[in-house]
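Note that the chains are named A, B, C and D in the order they appear, and that numbering of residues resets to 1 at the start of each chain.
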Amino acid sequence: MALQGLLWCVGALLATSVAAIAVAQRRAGTAVVYGIALCVSATALGVAGTCLVTGSSLTGTLTLPIGLPWLGARFRLDALAAFFLVVVNLGSATASLFGLGYGRHEEVPGRVLPFFPAFLAGMNLVVLAGDAFTFLFTWELMSLSSWALVMAHHRRSGNAAAGYLYLIMASFGTLALLLAFGLLAGPNGDYAFEAIRAAPPAAGVAGVVLALALVGAGSKAGLVPLHVWLPLAHPAAPSHVSALMSGVMTKVAVYGFVRIVFDLLGAPTWWWGALVALLGGVTAFMGVLHALMEHDLKRLLAYHTVENIGIIFIGLGLALAFEANEMRAAAALALTAALFHVFNHSVFKSLLFFGSGAVLSATGERDMEHLGGLIHRMPLTAFAFLVGSAAISALPPFNGFVSEWLTFQAILLSPGLPQWLLKFLVPAIGALLALSAALAAACFVKAFGVTFLGRPRTDAARDATETDRYSLAAMFILAALCLIAGILPGYFIDALAPVTQALAGAHLPRQEELDWLTIVPVAQSRSSYNGLLLFLFIALAAGLGAEAIHRWASGALRRSPPWDCGFPDPSPATQYTAGSFSQPIRRVFGEVVFRAREEVHMPPPGDLGAAQMHVHMRDLLWDVFYAPIAGLVGFAANRLNKVQFLTIRAYLTLVFGALVVLLMVLAIWR
Amino acid sequence: MTDLGSFIVGAVLVIPVVSAALLALLPDDRTTAWLNATAAFLTFISAAVLFLARPSPGRYLIVDDLNVVFIVLSTFVGFTTSVFSASYIAHELETGRLTPLYLRFYHAMYQTLMFGMNLALLSNNVGLMWVAVELSTLTTVLMVGIYRTPAALEAAWKYFLLGSVGIALALFGTILVYLAAHSVVGEGLDAMAWDVLVQNAPQFDPALLNLSFVFLLLGYGTKVGLVPLHAWLPDAHAEGPTPISAVLSGLLLNVALFAVLRFKSIMSANSGALAPGPLMVSLGLLSVIFASFMLYRRTDIKRMFAYSSIEHMGIITFAFGMGGPLANFAGLLHMTLHSLTKSAIFFCVGHIAQVKGTQHMPDIRGLTVSHPVLGWGLVFGVAAIGGLPPMGIFMTEFLIVTTTFARYPVLAVVLGLSLLVALGALLLRLNGLSFGDPHGSAEPAKASFVPIFAHFALVFVAGIWLPPALVIWFQHVANLLG
Amino acid sequence: MDQLALDVAHLFAGGLVLVSFMLLYQDRMTGLVNVFALHALVVSSSVAWQANIQQAPHLYITAAIALAVKAFVIPMALHRIIVRLGIHREIDPVVGIGQTMLAGIGLVALSIMVMLPITAQAGTLAREDLAFALSVVLLGLLMMISRRNAVSQVIGFMSIENGLILAATGAKGMPLVVEISVAFSILVALIVIGVFLFRIRERFDSVDIHTLHEHRGEQP
Amino acid sequence: MAIVLDLLVQFGQMFLVLALAPLLTGFVRKVKAHLLRRQGPPLVQPYRDLLRLLRKEVVLAHTASWVFRAAPYLIFATTWVAAALVPTFATGLIFSYAADMIAIVALLGSARFMLALAGLDIGTSFGGIGSSREMMIASLAEPAMLMVTFTLSLLAGSTQLSSIAAFMQGSAVGLRVSLALALVGLVMVAIAENARIPVDNPATHLELTMVHEAMILEYSGRHLAVIEAAAFLKLLLYVSIIACVFFPWGIAVSGQGLAAYLGGVGVYVLKLAVGGFLLAVFETAIAKMRVFRVPDFLGAALMLGFLAALLLFVTKAG
């Protein structure tokens, strides 16, 4: 029943995208399309949410007579799918709401409106798909529609190249998944998930499938070193689409990985966990370092998506390791941590991208070095963005901290793992996680501080105005969710129980009965966290302090210019910039990771010329993984291209050679 | 029914001949284009009737499950191409690249080509088929050279020579087949008739069959455009009139491949002969790899899509070489969809080249801005030909790669990676062609979009939903091919 | 009688291979054309003989066509082309005549090797004769690719055709032989006309790469 | 009735730390002064400073936003809550299960986050310097702290401070290498986090070397008072963590009655005195290092914590 409803929603979205081609040019088109998208995805959100919470009418299956003729298109709804549908449609609904306002600034609605609903439909369908063909079909559909959205502003420099890289990497991932499913389905091609689940592959084959799934899903989710397209493509799209791509589409990729590895692949082997978790740790660390070096606001956010994907994969890897060692409860904890972080990241990453979109539409700037002081002009946006920054920096009492706390708890359970490699690996991963959490905080002090605080660095920033109410509504809904999920995590964890039960064969103790709404992953004595109590304490303490001070201290206040240290220069250029803010961290990590070099040209004394400083950084990952491939293809293309310009005699020689070779084959084959 | 069937078969062959004669004689150039289209339409209708009424196989002609698919497809594309050619040729006359005299010649040759291909598909006789293929080759040679520019002449000449050598090889193979057959089924026409050959294939001398297949594969493979026999194909596509490029890519290659398939079924019927699969697989894979790398350095838009045709012919040959019901099904479907998609792409490209006045890709930019229909049409076409959903080729490539991977993982990986390389090249060009700031003339194209949309609609629907009747049909044929 | 007939046919086939080697050996244009006339003569007489022993009168037509077209008309045309286009007498081979001959011998050996496994008696055409036909075809191809010279390439192609006709007529009772040979003669005639029309100087290459880059829309 | 009592004890601890914090700082200053052969300010000087500041007016820059004005209270609140959650004189208080060590680290993290933002809010280069250096230091100190946390919680099988303290009181501990490593690491982190020599000099006002002071350069009046109080609390918090984890003797267990509590308080004050004395000695003994040497210092701390955790991972059977 629920499944039919969801499919109807998808159908409505597809119909909308077709209709959008017609209405795109009208003025009302934007409102109509986003309005419909909002209503539909809100409905889908409601359906999926009720399915997840009540568990009613889960595991419905449905087969439509399309797609592969002898197989049909199969759709299936279970706890895992329901959870990810909640994530997808929450993001879609808020993005549509944001688009209601933001879309009015769109200069080429004809290139955005038709593809936006199709993109939403694609993401929903991937999660609903019940056989390999439908899964890949919708997966690629999702990529294609999002590619079209990335190409929407194709005339801006760099966007076309970003779209190109994106589509190539997406197709590469699809190829890997294709091969994975080819292995799972076997030679006579029974692609239905039921059939695959019924006959899980042998251990060796399963290892290959895992690697392929890691490549396929990882290239979409942005696992290092397959992440290169992400920071280019996500910012290139319109901001609400960037929010969807970063906050939601990467989660769909995570869904694909979980579906294949936890559901279809049978019992895991311990080294899977080691591999996945290690990749996750490296991804988190590299992602946040890249983000720190970035001063394009949207690209910074995209790199943080890479970081959070890494955190999610750490959780998944730990879950695999625990499951391989039959530590069901621990596996459930790790999986819960990962999935909860999936939800949290989708919330605050969408929020942050909305904020950047509001800034972009208010100032036309994405470069933080040209912003500043926006908190005075756009206070509400600033507030929402601050909440998002605190959440993504894993600060209590917001939701980001809870999921990272759960991940730490899972790490602390891992000494129980018997394998030595894991014993050595897991603490290192924990260190990486801690490091990237701290660096993320630094990075968002930079992002919020340089963008919203201080003095405006350009006229665009000085003349900015607060964004429209639709966008604000979208942002504040998400900000509220960040706080609620942070202080009442118990309910969310309980909602995840059926998922972990289905995948890991266990679930966390039921949380909502505990007094004071504490969350207790394993046992009271072991560890517990109480967001509500912390929140109340902080509120109480702050209230007490403020009250006492306003009661007894002097309320006198005098405005004055800031202390200039005897060097009065009103120019806002004297402020700390994003680059200078991250300089110390660049000095600490940069030499190793980026081969960062600083060149300082100091004019001789008496020369009034400006001193200059250049920072050179190289992306070693690109140099190691991608440059060789590109070079190889170019080389082969150049060499083979000579064949285009031979004489007819030479071509005849080719024919003759082929003939002689085949005849020799015949003569020898006998 | 059978008499109606034979009448229909007669119609499929006679209509082109008669109309060719008419078109050669009629002077006026306004009506001839539409006469051409009408004739093609009638041919298509009568071919479609063959689904219902089918004659019993004769000494010279036969209609069976395999070739009826081909004949309907080729007459359909022939019809749509003639519609496209009407608007295309009108523009050529205005710009004066063609004189009315050449136009008469062109239309007559067009119908002759149709006749040749239909005959090749319908013939129940290896010799007759050989003659028909040679006929269609000669007509296309003449049409490729129709612009009389040095480049066109050179392309035609190259095509002519390589084609002739191919024909010679094919003839030798045909003779060997006859030699293998006539000691079993006796002399005369029986020893060249398909149905007889396939029935008696098991008793033939394996060694002779092997030898003949080598020659036939190379001979007709030259027409298919398999690497390293492909050299004529890119230039012939690039220099001839665009309708001819569409017909070449959409139809003539299929006809040659059809011949190879016929002989493959004979080979696989004989247990003693060497399996034809490995040969076809290796040639196909070679073509795919080679063509995908050749795509990168192309600057002429039609030549680029010609190389993409080589690539897809390689995929189809690979699939048929793999064999097995799934792979054969995928091969048939891929061939059908490729014909539709590639001819539609050439329709787009033809109009684009006309409005922009060049085939040099660096001079064509930002089409989605200046000519939205053509630009997005090109995007759609490239997405379809690159195997992206929701277009049908995704399904066939999905089937081919997965089934291959289960059997020969290495081959599947190589195939998949080279498909990726090809996609990379096409997208790279597409970025320049369809996106970015427009460049060149922005005057609206006087184009007939109906054929383009018709083909794309078919491809799109095929990607989402295949009619069950068609599926059963293809599966049946796939099982026949073994 | 029958055995003798076969031996004569065998003799013709062997002779044809010999003449093909003579073609490869030629280093003068006029000599080449004359030897080709001889090639055609041998083929046509072989065809006539086959017509005789198979009691297949229609083969006489093929023989006549071969004799008329390829032994007289085309050689004359070629002589005229040589004179008209003022092609210098030397034919410039890609590799030396000697290596070419060696390669040809290798090809003959290859074709015999390929034919060995054939068991069935292929009509009046013995296994060896088929091998001879095949080697004539291969030698023709070798000629086409080992000469840079248009006329000699045409001649190579025509010798291929002769080999085919030898095989075709040898295949007893093969239908459509006449039609096929006619069609093939048309093909040859077209090629010759093409050489004549396009003023192809001493090599195909001249209508190929050197003059045509700018037309190709491609940069090498 | 019992719960009211428990609540009373809990809040008693909250206000106890608040009351003791300035005293500790004053004590450290006094000892340092004595070591330098100076008289030094009286012990209660910090209280006087706070009161004086509270009575002064606030001089607020034109460019200050609400972040600048809200930050002090939030910083104070988070630090205070964190400090109040640390078991000082008694373990197992009613809210002790909220006293998760990771949570405490994160609370201090939020305080630092707000402080750094406040530093950037005015838009002068001093604030920028301070914030950027502070975050650089934190980006190494926080992981080090977490590694120490790992070590302790792996030993005690819990991340709750009171359980850890209870475990350390027990006999099962013995003398462990990893504990020693963790102690050293924790001390280094504490020095860095509290802006003490050699990382930072709390007494300096030379812009180029200061970190913490640079961030709060624009603060004045009551805002400055609140921030100073938060800083006092932070120092107290670290000393009490070290005390209750590594020297857990004499801590009362909840429910033992008032006498035990009073005894606990006495021992606690004693521990604070010892800790303060050692800190003063340490600070006077060495010189401040360059800012860009700090990463090496903290990297060492991180390495120590990591080694400690690794040792436990490898030795612990599971």
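Things worth noting here:
To be clear about the criterion, a contact is a pair of C-beta atoms (placed from the backbone, for glycine too) under 8 Å apart; a residue touches a chain by one contact, two chains touch by 3 or more.
Every value quoted in this text rests on a predicted model; they were computed, and no experiment measured them.
Excluding chain A leaves the other chains in the touching groups B, C | D.
Distances from each chain's CA mean to the overall CA mean are smallest for chain A. Using the average of C-alpha coordinates as each chain's centre, D ends up farthest from chain B. The chain pair with more C-beta contacts between its two chains, of A-D and B-C, is A-D.
Centre-to-centre separation between chain B and chain D, using Cα means, comes to 79 Å. Chain C and chain D have CA centres that are 100 Å apart.
As a whole-number value, the distance joining the C-alpha centres of chain A and chain D reads 35 Å.
In terms of their C-alpha centroids, the spacing between chain B and chain C amounts to 31 Å. For chain A, the set of residues that touch two or more other chains comprises 641, 644, 646, 648, 652, 655, 659, 663, 666, 670.
Within chain C, contacts with two or more other chains are made by residues 114, 117, 141, 144, 204, 208, 218. The complete set of chain-chain contacts reads A-B, A-C, A-D, B-C. Residues 114-115, 117-123, 125, 130, 133-134, 137, 141, 144, 157, 160-161, 163-164, 167-168, 171-176, 179-180, 183-184, 187, 190-191, 194, 198, 204, 207-208, 211-212, 215-219 of chain C are the ones touching chain B in the complex. If you check the complex, the residues on chain A that touch chain C are 641-642, 644-649, 652-653, 655-656, 659-660, 663-664, 666-667, 670. Here chain A touches chain D in the complex through residues 372-373, 375-376, 379, 386, 390, 393-396, 401, 405, 408-409, 411-412, 414-418, 420, 423-424, 426-428, 430-431, 434-435, 437-439, 441-442, 444-446, 448-450, 453-455, 518, 524-530, 533-534, 537-539, 541-542, 545-546, 549, 552-554, 556-565, 572, 574-576, 580-585, 587-588, going by the rule given at the top. Across the complex, chain A is touched by residues 157-158, 161-162, 165-166, 169, 207, 210-211, 214-215, 217-218, 222, 228-229, 231-232, 234, 274, 279, 290, 293-294, 296-297, 326, 366, 368-369, 383, 386, 388-390, 394-395, 398-399, 401-407, 409, 412-413, 416-417, 419-421, 423-425, 427-428, 431, 435-437, 464-466, 468, 471 of chain B.
The part of chain B that touches chain C in the complex is made up of residues 125, 127-128, 130-131, 134, 138, 149-151, 153-154, 157-158, 160-161, 164-165, 167-168, 171-172, 175-176, 178-180, 182-183, 187-189, 191-192, 205-208, 211, 235, 238, 297-300, 303, 359-360.
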